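Next come two complexes built around chain A: one with chain B, the other with chain C.
Take a look at the complex of A and B:
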């Protein structure tokens, strides 16, 4: 299986791209030979060679290469590169936990039909996932504003919401899959020969599920990324936000700034000022698009591999 | 067509239960918001309060107009594109298929923002306002949201129809029709498309669910006063009511689509036997 996957060019390109992005995100100050603090600092004004102010933030891509700055004069490109590791790792972790929990719950009682979960799945068809997540997140943030909790706890709760949203549909998929596997002849025989349940699950069910698991995992990462982008637009940031007051004394403009520097946060922060600095939102969105494309390539590779397996 | 009312009721019951669970769960987990002593049928965006009734019916109508017009547009566009693609040589078809996979991975948000910004850019450089980019003073806009909403479904439908077309073109009836001397143009238009449309019904659920989620982003970014905006901002009973307004007709559509696909599958099994 793995050897066949390695021979799929699409799979290789996808994996290489994602790992390159992660690597670059961790070591960019060294690789680009810049100071991290220096390049992520706030820059209110742009000076020319003689020290005169020529412009105020946000700066366009032509003034601050390669893609300009946001409203606070922070370089978008460095922000996006720095945020890549958080974004991708959070998405991967959430997708991983979703799969783990749903397989675990399904294996607790594989014969049950999880009827109340099916109800939820039926309902989630009509309500977009972003809205469901928003309802939960906003009530969490409401609670947070009344009785503040530590950032770590908030992140854990938010991740729990993001995980919990994805679990019911996955459980209904898995319970269908696992039931069809358990109904096969060799499994019935194994039980008849006296095998224990954990042994059968470990030896027979999970190996048969494994390719499906990888496929679903990649799809879940994509879904999580899209969900995070949507939540970013709705101004819900992973890790909460701090409010900074911009503007002068007479017209204070409170702006919420995400604490963690992930892409969804960058999008959400710049979204209200879309028309003033479109590059600030288009760059992270383009990175989202490219990462999703890389993940789609991985999925394509796995599917090709499965098809050759069958024939 | 073997639509049964009983199975629809069953589906409806489970949908209602699910919506009930979803609307209650946040309050159960994180406690109710005691500070807000407002009417149940009222919701607020920013500082302004809105009544749910009777505006919700207008908003519903507006959203559904956009939704179904976008669906029709994308279906039409996908069929036209498929028709022209099948006339192209084989290697170009493969390139187009790969290109579609690339386009498919664009997030809906990206497309919405890019379209909105490009319209503004065109306006800035040439002074030509192609379409209004945002809802101002309750003046509903139609062209741009419909266009935006239809792009991603078009790509998906185009890909599905292309695949179905490939399958369909090797079936015996096409060969017979070719042997009878009918032109390829005529066969595709008259026979193949009809069969493809019936097969498309089984993908309708995926497309609808996908488009509902897209509709939400389109409404949010273009600042449309639609049903999804109400759904986003209401809580409790009003949320349930809004969700049910979407769920009841759509579940009927899903039920009809599914009963049709089941009958198609049954027919195939009978044919095989």
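Take a look at the complex of A and C:
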């Protein structure tokens, strides 16, 4: 199955793009031969050759190529490239843990139809996940503001919320899949030979589920990316934020600055200045879109592979 | 102590479907002696496979054993722990399933699948598993075992797959093999090879076979004792010669009559539904069931197996009011 996947061009293009983005995100200062601290420093004003101020942040793409700066004059391109690793790795980790937990819980009682979970899933199907996540996240951030916790602890709790939200629908999906596999004759045959349940799960059920697992994993990464983008607009950032007030005494503009550098944070931070500096939001959004496109290519490749198998 | 290797006594199995209880097997009793081939014959849905799955306690999740006992070599299987049942499965009792295509994992090489039982029961060191698999493949008639070992099920024909299933079933040298319609999906030329393999294994190891089938031709050739099942009940049982010489229950007669006879080539082949036995009785008693229709009110009326001649049992209704005059 894995060999068949490797022969799917869409799958390869998607995997290569995501891998390249991650690699570039880790090594961009070396690859572009720039100093990381210097490239990501705050820059309030732009000066001409004679040292006169010619403009204040945010700077447009024509002033600071290739895609301009944010409200504080930080280069958006470098921020997005640097934030790719956090964004993609967090999304991958959350998707991975969602899959692991849901498969694990399903395998604890594979014959159960988890009807109560199905009911919950059906009931919450039409509520946007971002709203559910927002409710939990804002409560957590409220608690964090009253009883501050370490950034790492906060990230763990936030990830737990993001994982927890995705698990019930996945259990519902996996319980259907695993039950249909367990009803197959070759599984009964294996049990008739004296096999233990863990052996049957490991040698027969999981390999049969593997392509579906990869497919669902890719879908979960996309869902997590979209959810993070939505939460970013709602000023909920992974790792929390600190707030600064811009504007003047008559029109104060509170701006949340993300502590971690992920893309949703860049969107959320620049959202109050959407009209003044659209590039600051459009750039991370474009990266979100291209990454989701690459993940969709991976999904397409897996689906092609599944269809080839069926035929 | 029980002299039979397997003794199923008054077994009843039911299924829950949409909150309704459906009885699949009712009050089934059967015995298998060492070295014997016992045939369980009946049409599809008569409860043959459920009886065999009950022996291994591999009923589907919605199935439950209502009552009865299953004794194997003096041990009540229903009282054994899951661990003990795992030790018995494959090792002492193994099963050959009817659908060879579905019974093999399509994603695993057949060589690996053959040795699964040996691996669970740790009967052979890991390093010897391949050699054992090759030997088993040779035993079930493959001329090029090394080549077959590397094949996936999809690369094999139906007969080859069935032989692989037999190799799996005999890998741990069990004393009882349950062969659940092992030749159903095979063409006639292959059927004999497969049944001979099972029969040879039985003879070589003095093992016993529970042969589940709906083919009286197969029964005549291989069985020592026959149980005829209909609608979850055993309706007749006797040794194979008696069953063929003197079938009593109309259902048994109908099954025997259904065997194609080349000497009567002008006659239309009869199906079970062509036989009616509603008004037929035997020595003043009414056969149970008296119709083929499961929906019939009297189908599940109290009935029992009656010894009509030494060691020849036929099911009749208990209620004397149902007695008819035709003998």
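Everything below uses one rule, namely that the second predicted complex is superposed on the first by the 301 of 311 C-alpha atoms of A that agree within 3 Å, B and C clash if a C-alpha of one lies under 4 Å from a C-alpha of the other, contacts with A are read in each partner's own complex, and residues count from 1 in each chain.
As a convention for this text, contacts are C-beta pairs under 8 Å (C-beta built on N, C-alpha and C of every residue); 3 or more make two chains touch, one makes a residue touch a chain.
Note that the structure is a prediction, hence the values are computed from the model and not measured.
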item: Chain C versus chain B on the shared chain A, clash or fit after superposition; value: fit
item: Which of chain B and chain C A:191 touches, first, second, both or neither; value: second
item: Which superposed partner A:134 touches (first chain B, second chain C, both, neither); value: first
item: Chain A-centred angle between chain C and chain B, computed on Cα centres after superposition, in steps of 10 °; value: 80
item: In the superposition, chain B vs chain C on chain A residues touched; value: B
item: Which superposed partner A:288 touches (first chain B, second chain C, both, neither); value: first
item: Touching partner for A:211 - first (chain B), second (chain C), both, neither; value: neither
item: Contacts of A:199 with chain B and chain C, given as first, second, both or neither; value: second
item: Chain B versus chain C as contact partner of A:173, first or second or both or neither; value: neither
item: Three-chain overlay, closest Cα atoms of chain B and chain C, distance in Å; value: 14
item: Shared chain A surface residues [contacts with chain B and with chain C]; value: none
item: Residue ranges of chain A touching chain C (in the complex, touch as defined); value: 1, 111, 183-186, 188-196, 199, 203-204, 207-208
item: Of chain C, residues touching chain A in the complex; value: 53, 56, 58, 60-61, 86-91, 94-95, 97, 99, 102-108, 116-117, 120-121, 165, 168, 171-172
item: Touching residues on chain A, where the partner in the complex is chain B; value: 115-116, 118-132, 134-136, 139-140, 142-143, 146, 222, 225-226, 229-230, 233-234, 267, 274-275, 278, 281-282, 285-286, 288-289, 292-293, 295-296, 300
item: Contact footprint of chain A on chain B as seen in their complex; value: 11, 14-19, 21-23, 25-27, 29-31, 33, 35, 101-102, 104-110, 113-114, 116-117, 120, 205, 209, 212-213, 215-217, 220-221, 228, 231-232, 235, 239, 243, 246-247, 250-251, 254
